[in-house]
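Both complexes shown next keep subunit A, but they swap its partner, so subunit B is in the first and subunit C is in the second.
Up next, the complex of A and B:
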């Protein structure tokens, strides 16, 4: 009896062990997928390390720094007027918008203010760079989701805006036009009429994209409910810009902050969306682009006359002190913390760029999504590599 | 014409057929690439497309082929070299096998056998094997994901395609593609035979399901997840270069052409014109000039259908893999089953 019992027990143990072996053999281990640094969806050199189970992401981590250019350090060996040429290259699609907060910080330290006409033109160029930036996003969104046509429309129509920026500043991508105390030049002749015509074209472009993408069932099914960021999570991760507004937070630095700029002089609307998903983020950006065209038109209507440069010394020395100025850039809140020791150049500059904070939510957001959704989410978060790595 | 053909020795006939097959695959592929991929796509995207090579860029395709032929045939270090090298050949051979049953005229066919529809649906799935081999043997994670996606997708879409064709087979009462063409052109709509009876009218649901399934079978947008250049870089084609990539490329567009040929045979009346126009009553009355006119008619219909395929391709975003499966199993298959049921009931009733 005991013999049989032992044998049964041994057989039982053996069968259990065999089962365990089979289970171990059948257990599939995840696959680590390196998305990037050379990948079409990452707009440059972002690397996302994703641990996959089949097509589902178990864990993901962005790894940035492949394009770090050390701008914060470089500013320390430049004079104040030279810094704008550097910071242009942070968010290379909306260059002029990068110059403005730095110049404002320097002006704040020197306790001067640009004349009204310069403030107006600054704001107009700021909004133009927003339109140029976001219109490319709207086209690129299609490519990320597999529709190749919108991006060509975006490149075609962005060209009109870039021509305007070139006409006013001389540089298509890197204007380097903002000066401490005002602007380099006044607007060229005929520029205002041209701008009005282009703003109409850009609104038409927005309608086109709205028809082509936002009205498409496949687009909706790919973006609605994908990558939902609830309001409190968005606030915790320090998101800003359209990503934050898409989560239902009514926060726009252009309106909520008093700066020597012209935003508060005209009427416009801050667009928000309550869903917080990829569709909401794209939708908010589309509406903002359209709103920007109205802002530009209204600013042109009220453009004051006068000089574009206030009196500043020939060699600019910024008095000792510290200043923090941030503005609502195309990608979100961008700010400069400038420390001056009374020299020709800044002692230390801390750059707060929007994309770096915006992608910090990626590990949280990518948990459990499918591989194609990684691309949707990254596209809808809209970062620019230069803005992440600086 | 057929009498002329049968006076040639057998090896000569075989040679002619092989030559004809090559022309039937490569000529449409070239036309599609130039007309649609180069030109139509460019016009839709407000640009001109290739303009430099030849008048109006018409020699661009030859320039591209020349470029690909010169490129190095790269082989990834960890790749399974035999499987890696043979995969594009399998994809391309599936296309050549497919064209073998397509009739281009009363006597202008390669093979004319009874189970033509069955054969076409069977060999069209051979390409899945090639794609899976390419994805697996490339030793690349993106390729692997692409290959597996392709396998899942093509198997899911095989079924609606077959079910969509069943309606046509029931209505024609034959699986022979030649008989299906004759049945459409000799047929009549409620006694009026001015248009024949193209199955596009009676089998419209089947036609739509078939074209959607073809779109998925060809991995064109909105079903191009196996390639998905923005997420999987290029899926199973990622590691291929030079001549082998060219084979995939030709295979993609040639298969589009051949599937459009099959769709035009099944739904648009194939090579024929309505027989009543010339007072023909059956296949035996058809004049032999149709052996020349037929291929041209087929080419026109093929270009029309490929235009639709490409139009959708250039204007739609891409589905996600699970959405695609849901669409196939929950929408297309029930719809085509209902279509079969309705067809059978009406067939018995009339």
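Up next, the complex of A and C:
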């Protein structure tokens, strides 16, 4: 073992001994703390039951289901084009990104592909929803630690991105813009220049957040070394997205699979971090947001011309078969396993949402942490309630 | 040819597509699983789907994890292959019910039972995924649990348990995830009615929005099947 390892181990033993002394001196009864379902730190209605010994968590168990809407059942009684209106509402901060894998799965079964321009615009809107989604995370992060300012910056700057999404699709939160075979419409006039300007603003926002939080002493001491997820554990739990990349796994579905999308047409970088702690997860997300602004700009530079919709039958019947498509959504891997029986609607849709897997690690992760760290760990895991419960 | 026909009709000359990578993977998987592998299907360019024996459901996952590096657990769920006795809820609930096809027909990689569990594993180094399926016995729907192989399967199995009524032998705690503890029935089974559709038929089933560039307005009438 190296010198540092020895020192760390000694420090660990010393801290355990100190804890043991305190426990002997001030023996406390165990206590059950109920966080949520209505708690600001739970982003909705997640309830966490934690058994405490003093300030330390003995075990914690999330309780889901307060927002279960049964989308998997509802998709079975909808037609294929109608399903996008449902799946929009899974991760409501990055709605457009939810539509894409489902549409791609349907297209895969029908063996059609969207025209290049539609692929490009899809990718651009996908990245815009990532920026809108994750910028709110970056602002919210401060609030969980008692810093009020970043969230105002986040809400201010996210509005620019939402305006872009609204300009192109007509919907701020639920675009419902993706169609089997392409997109509903082309981009409006002037949208491209506007987008370039907003991407510059969003990079400035990332710098602002970096200056405000990353490097801040309180932020660092609250997140460094807290909630460490080793890569093997992360893989076992099926963690995905920035949570996985923060544990040192260099895997991004945008780069590592071939989909009829435009990510592989431009140059960009996948950010990883080796620490696996709360800080690493936040840091990776910050870098990814900045990277997304570059992706959008580079895609706008190479945007091809042409139609945005391919020839599809007016009444869409998807041939019999099974398809699995997943994409790298703002929260992580979002996938649909679509089973079609050659009908107007799907026979079964398994929705694999990122937050469900990401949050299933919570009982493991919260064991032994201190109460205030529950909030930072949950914030850094970043989940959307609709994405857990579906 | 009518412009409404499916686009697959127009591309008549179908060249048999090859997927050398997945064929190689399949031979590796066959060697790894041995007799546990029942049937397989390559979805060219997209996916490899293998069906394993029910008893070997957990041991196959462990074998794939340790010897072929499928160490990323993506999801685990189930499918009910019985056609819904209620259709899609598009028709008048008070009217005489028409005869429906009740034959159970399994999907890729076949099967013998009404319920099947399926799961997905990915090798995080090569980024290649595999879909595993297994039959769930009709009388006694129990399959071995994956929890000892992938800890993350815990919640997925709880979900499959409440939604499909499948038990997982060896799971530590099959409590309900979403539903109240005293809830009766298994909502994602096809014979579980969607009550809102029973009360009122869905008007949207015939409401198809005109698509830009897709079909002429004149053809709208002829296509309503």
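Rule of thumb we're sticking to: the second predicted complex is superposed on the first by the 362 of 390 C-alpha atoms of A that agree within 3 Å, B and C clash if a C-alpha of one lies under 4 Å from a C-alpha of the other, contacts with A are read in each partner's own complex, and residues count from 1 in each chain.
The definition used in the following text is that a residue touches a chain if its C-beta (ideal position, glycine included) is under 8 Å from a C-beta of that chain, and two chains touch if they have at least 3 such contacts.
These numbers were taken from a predicted model, which means no experiment stands behind them.
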Task: Contacts of A:55 with subunit B and subunit C, given as first, second, both or neither - done: first
Open item on the list: Quick check on the superposed pair: does A:339 touch subunit B, subunit C, both, or neither? Answer first, second, both or neither.
Closed with: second
Task: Which of subunit B and subunit C A:162 touches, first, second, both or neither - done: neither
- [ ] Check whether subunit B or subunit C contacts more residues of subunit A in the superposed model.
- [x] C
Open item on the list: Looking at A:82 after the superposition, I want to know if it touches subunit B, subunit C, both of them or none. Which is it: first, second, both, neither?
Closed with: second
- [ ] Pick out the shared contact residues on subunit A: the ones touching subunit B in one complex and subunit C in the other.
- [x] none
Open item on the list: Could you list, by residue number, the parts of subunit C that touch subunit A in their complex?
Closed with: 3-8, 11, 43, 46-47, 49, 71-75, 77, 79-80, 83-84, 88-90, 105, 107-108, 118, 120, 124, 127, 129, 131, 150-152, 154-155, 163, 176-179, 187-188, 190, 192, 194, 197, 202, 204-205, 208-215, 219-220, 223-225
Task: Complex interface listing, subunit A residues touching subunit B - done: 31, 33, 39-41, 55, 142-149, 152-153, 156, 212-213, 216, 218-219, 221-222, 370-375
Open item on the list: Give the list of subunit A residues in touch with subunit C in this complex.
Closed with: 64-65, 68, 70, 72-74, 76-79, 81-82, 108, 110-112, 179, 181-182, 184-185, 232-233, 235-238, 249, 251, 256-257, 307-315, 317, 319, 321-324, 326, 333, 335, 337, 339, 341, 343-345, 348, 350, 352, 356-357, 360-361, 364, 389
Open item on the list: Looking at the complex, which residues from subunit B come into contact with subunit A?
Closed with: 41, 44-47, 141-142, 145, 221-222, 224-225, 228-233, 314-323
